[in-house]
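Next up: some structures, all given as structure tokens.
Presented sequentially are two complexes of chain A, the first with chain B as partner and the second with chain C.
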Partner chain A sequence: MATKASASPSTYSPSTRRRKQERPNIKDPDWVRSDGRGFHQCRPAFLRTGAVNAAAGSAYAEFGNTKVIVSVFGPRESKKAMMYSDIGRLNCNISYTTFATSIRGQGSDHKEYSSMLHKALEGAIILESFPKTTVDVFALVLESGGSDLPVVISCASLALADAGIMMYDLVAAVSVSCLGTNLIIDPVLEEESYQDGSLMITFMPSRNEVTQMTITGEWSTQKIHEAMELCLDACSKLRTIMSSCLKEAAFASNE
Partner chain B sequence: MVGLSIGEKHFIKGGIAQDLRCDGRKRLSYRPLYVETGVIPQANGSARVRMGGTDVIASVKAELGKPSRLQPDKGKVSIYVDCSPLSTPLFQGRGGEELSAELSVALQLCLLGGKSGAGAGIDLSSLCIIDGKICWDLYIDGLVVSSNGNLLDALGAAIKAALSNTGIPKVHVAAAASNDEQPEVDISDEEFSQFDISLVPVIVTLTKVGRHYIVDATTEEESQMSSAVSVSVNRKGHICGLSKRGGAGLDPSIILDMISVAKHVSEQFTNQLDSEIAAAEAREDE
Partner chain C sequence: MGELMASYLSEPIEAPITAEEQKPRTSQGEKPPLPPSSEEKQEIELRGLGSDGRAWLGCSFEKFGERCEYEGKERMRRVELSLNQTQKLRLQRALQKLESLSSKANSDASVTVADNIPVNYDDGVLKGHGTSELDGQVVATLCGVVERVNKLVYVRSLRSRYKPDTGDIIVGRVVEVAQKRWKIDINANQDAVLMLSSMNMPDKIQRRRTAVDELNMRNIFEECDVICAEVRNLQHDGTIQLQARSEKYGKLDRGQLLTVPCYLVKRRKQHFHQLEQYGVTLVLGCNGFIWVGEHINVNAEDSMLEDQLNKPPENIDAKTNIFDEGDQTHTELETRQNICRIANAVRVLSTLGFTITIEVIVEILDLSKSLNLNIHDMLGAEFCVLVAEREAGRRSLSTKRKG
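Now for the complex of A and B:
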């Protein structure tokens, strides 16, 4: 007993050396992703509706370390200053908590994210169903762990469904990173920081329609084909998870 | 938006369906392009591009700065677009701000490449002078002087022309200082290095009206669009960026078709733009 206790130190001190961010050798055939996933394997998704009581609808999503919460308010009367509009308005906002990133208050450019969220959702919502009014979508990233925007978009469409806003279909979003010659789906923060390019698709599977798509970095047409197929397949699978989450919530409230 | 009667809307849509647009163009032809370089003497490089009623100015300013800690071996580029209310009253207040932000983001997406710098039109490592200490910061500013549709493509062309016009002063570093000090530098007034713009992509926006897509849409045509896809293509025929506007969703196969059409159109547009830039620089030299 005594020898065992002395072998394991009773106190510890954190190492002061910071881990150096080095680009791993991706050409190495033995390279595995930091969380042990396959290249074409998504992180496990956890989704729940009804996370915020005060909102008309809300949802919480957790994909690995990425944790977001989205609440939906409305439809409510548009601000007085707005002009008359015979279709509804959609107002989106994404913010980061100050502790979402490893360096405090470094939540990346959410202004551009807000407009991306707006563009991804506006094609899915039947805006004609609530004229003269506004629906507000507020997203908060609790922890940023990579692929933040796709997670927020999927979570937001779930929250909209929870709020009873009429939609053509749920919007599922997935991104793919290009690392050398490899395509990896659903990248984590570390992988995003050294990616050569990324492709994000937001997709309505039952209507077979892409509501938003962005590409950065250099891509050949062949590679875009490949990446799109991967994304669309993952989106369809994500949508079944999303709809089963909605069904569960509906059954639970009926009982 | 644009006040159009039902008849006018039908006329625009019908014309596009029959491959004859209101100004006599075909679906995939551009308005005449006019490029002028060196329009702003204070900037390191500048250009003005006119496409029909659309008129934009781009300027490039280079300043010495410090590289960011995350990428010590690279310079920095920032792109901003200003939609001034002088072009249309629509740009007054928030309307202009939103459009400016949207255009800036789309241009950054299309020109700056991925996080690791692959596929960037501008080689960021060439902007670095001393690793981790001094680099050039490029400030690219776009100004919309007059707007008649297709702003993104025009701004992309103007930025490419402005970069080809940009001369970055040569920098002489005084004797290597010790590790912690900021080294002294001497900026040359006479020697300039030119920018290599051969890999700067051009942006082609395909606007979908009805079942067809058109390039270089005017404001009237843009008001009838269901969605638009902007693709930036470089000389090698690789896609360097893509973004989508407009609410309506698109079938994945249509997007792939649009990408291949954009690739085809970009070849002609790149050649036309390059010859216009060369002509403009020849005029400037005279």
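Now for the complex of A and C:
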């Protein structure tokens, strides 16, 4: 990339030339994913509960370059929950740090993701167990490396379990990207940028129930079936990793 | 169509290994391929700080080309102090000794969400809190430990908010002054409610509460006041009602309020402790709020309450008035120091995760005084390790006496 010699060293002037994201030739049979994974291989998962001391429950998740920390507060009284209701309220908020993306951003709330997180979790939580009160879920994306929302959802359900909130089952979420004729699971940021469509499923494996399914782009029926099978299988495997994480946390803190 | 199977690159996170186990592992046959400069990575390092300053211990090495993380035992991670190497080892030894002495909790009893709970169905089973039914099987809805009492099976959560019971003595902070009641924050799901009728009137007469009483509620308790009361009952919708009709309940002032995890304070016969020799009152609230304050004689308290009621118009005046009456509300230096010492003793116990009882607090207080420690040194790493070692020694001695 040609450097601008005219700019003085103390000021920063963004490049006016937009770097075109070159879509690699995915029809090429030799095309391999940038991190060397197979098409149906997910990133290694690192999960840990109890990251935030001040919160009732918290969890930290690292899936490759995507790093997320979720803290759960509650059940507690909320000024918004003044009206009597015999079920609890769930309040979700996802925000990105300013350093989460490769270009420094604003670091604002992501309202769309927040409502999607809400929909994914509310099917799994037993809201009748905390009437008149509110559970707050705050997710902070420390680094966005692709497939952010599924990681946030899985991490949030771990944090809720850590906080001692009654749930039907842990929620595991995985997304699948469609690139031409190929289906790749757990896409990275650059793969997401040239995807043709995406499908995300949040799944409760023990109950065999899907709490949320999100499809964008162009899909044929057969592709949807394939992608769903992939996702459900990956979710089950992710669920075992999540429960082993909880088990070791519980085992270690047993006196 | 071939089977579409997703796979995860690395194995799921394995069981945690302690500092000692870390070293022998590398000498075993099944050694993962390690990069050449792995020697320094093998040591347990104080890795970074959590978002709240908590120390994370861990080490990392390569396995199958991917980074895996192994972290030390959870309990070490919870200690929020910067310990040097010897202190870490001493603390670990003391904690391990305590664990071996305590009745070993059956690790099979711990469950996570949606785990199957093994139940003998022939006897019939009562599904308690934290359980639900799925396909005729009892599954857990919480992460915790399974408790069985005859036919009742329930899951007790390890980390949850305070769950009040009738008759618990609690310490709380007034959040709101509402119609004929005060809303108190007691670290439970909801704020507790203290009705005006459940509170003694300053003039001690048992009478109906009038509209004038309602208007004067603020003279009794205001926002941010710390009070102690007793749980009167729980309503069906979860509302917690308090009562403070006795002399020992009421507003607490001239002291410190401490917050500890609520499971560290067990229900006992006595929650009020007057430490005469130090001039300190200690209230161990079941909700994890602990009050350490100056010991005031009950008679003097009454007269002071009345003085407070008569004073309001004067308080609005210039602040210098308050300083003039400073002699009345002056706490002696030694009492204040004792209050700080006891508060720090409670903080050390909370950091270490030991049950908080009056005996242990007094022991730690004596220990700190005998060592002539500065009050702020009590929060340091060295004293923390000392307390842990002492507790381990004390328990091993008591088990030897029993056995």
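Here is the rule we go by: the second predicted complex is superposed on the first by the 227 of 255 C-alpha atoms of A that agree within 3 Å, B and C clash if a C-alpha of one lies under 4 Å from a C-alpha of the other, contacts with A are read in each partner's own complex, and residues count from 1 in each chain.
Note that in this section contacts are C-beta pairs under 8 Å (C-beta built on N, C-alpha and C of every residue); 3 or more make two chains touch, one makes a residue touch a chain.
Fair warning: this is a prediction, and the values are worked out from it, not measured in the lab.
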| item | value |
| --- | --- |
| Chain C versus chain B on the shared chain A, clash or fit after superposition | fit |
| Chain B versus chain C as contact partner of A:Gly123, first or second or both or neither | first |
| Chain B versus chain C as contact partner of A:Gly164, first or second or both or neither | second |
| Partner chain(s) touched by A:Asn91 [first = chain B, second = chain C, both, neither] | neither |
| Between chain B and chain C, more extensive residue contact with chain A | C |
| Which of chain B and chain C A:Ile185 touches, first, second, both or neither | second |
| First, second, both or neither for A:Thr221, with chain B first and chain C second | first |
| Touched partner set for A:Gly197, first chain B, second chain C, both or neither | first |
| Touched partner set for A:Arg207, first chain B, second chain C, both or neither | both |
| Minimum Cα separation, chain C to chain B, after superposition on A (Å) | 15 |
| On chain A, positions contacted by chain B and by chain C | 204, 207 |
| Interfacial residue positions of chain A with respect to chain C in the complex | 37-38, 40-48, 50-54, 56-57, 69, 74-77, 84, 86, 126, 130-133, 161-170, 174, 185, 204, 206-207, 226, 229-231, 233-234, 237-238, 240-241, 243-255 |
| Residues of chain C defined as touching chain A within the complex | 1, 4-10, 12-13, 15-16, 50-52, 54, 66-69, 71, 73-75, 77-78, 80, 99, 102, 105, 107, 110, 112-115, 130, 132, 134, 139, 141-145, 157-161, 189-191, 237-238, 353 |
| Of all residues in chain B, those that touch chain A in their complex | 70, 98, 101-102, 105, 109, 112-116, 118-119, 227, 229, 234, 238-245, 247-252, 255-256, 259-260, 263 |
| Touch list for chain A against partner chain B, complex | 23, 111-112, 115, 119, 122-124, 178, 192-198, 203-204, 207-221, 224-225, 228, 232 |
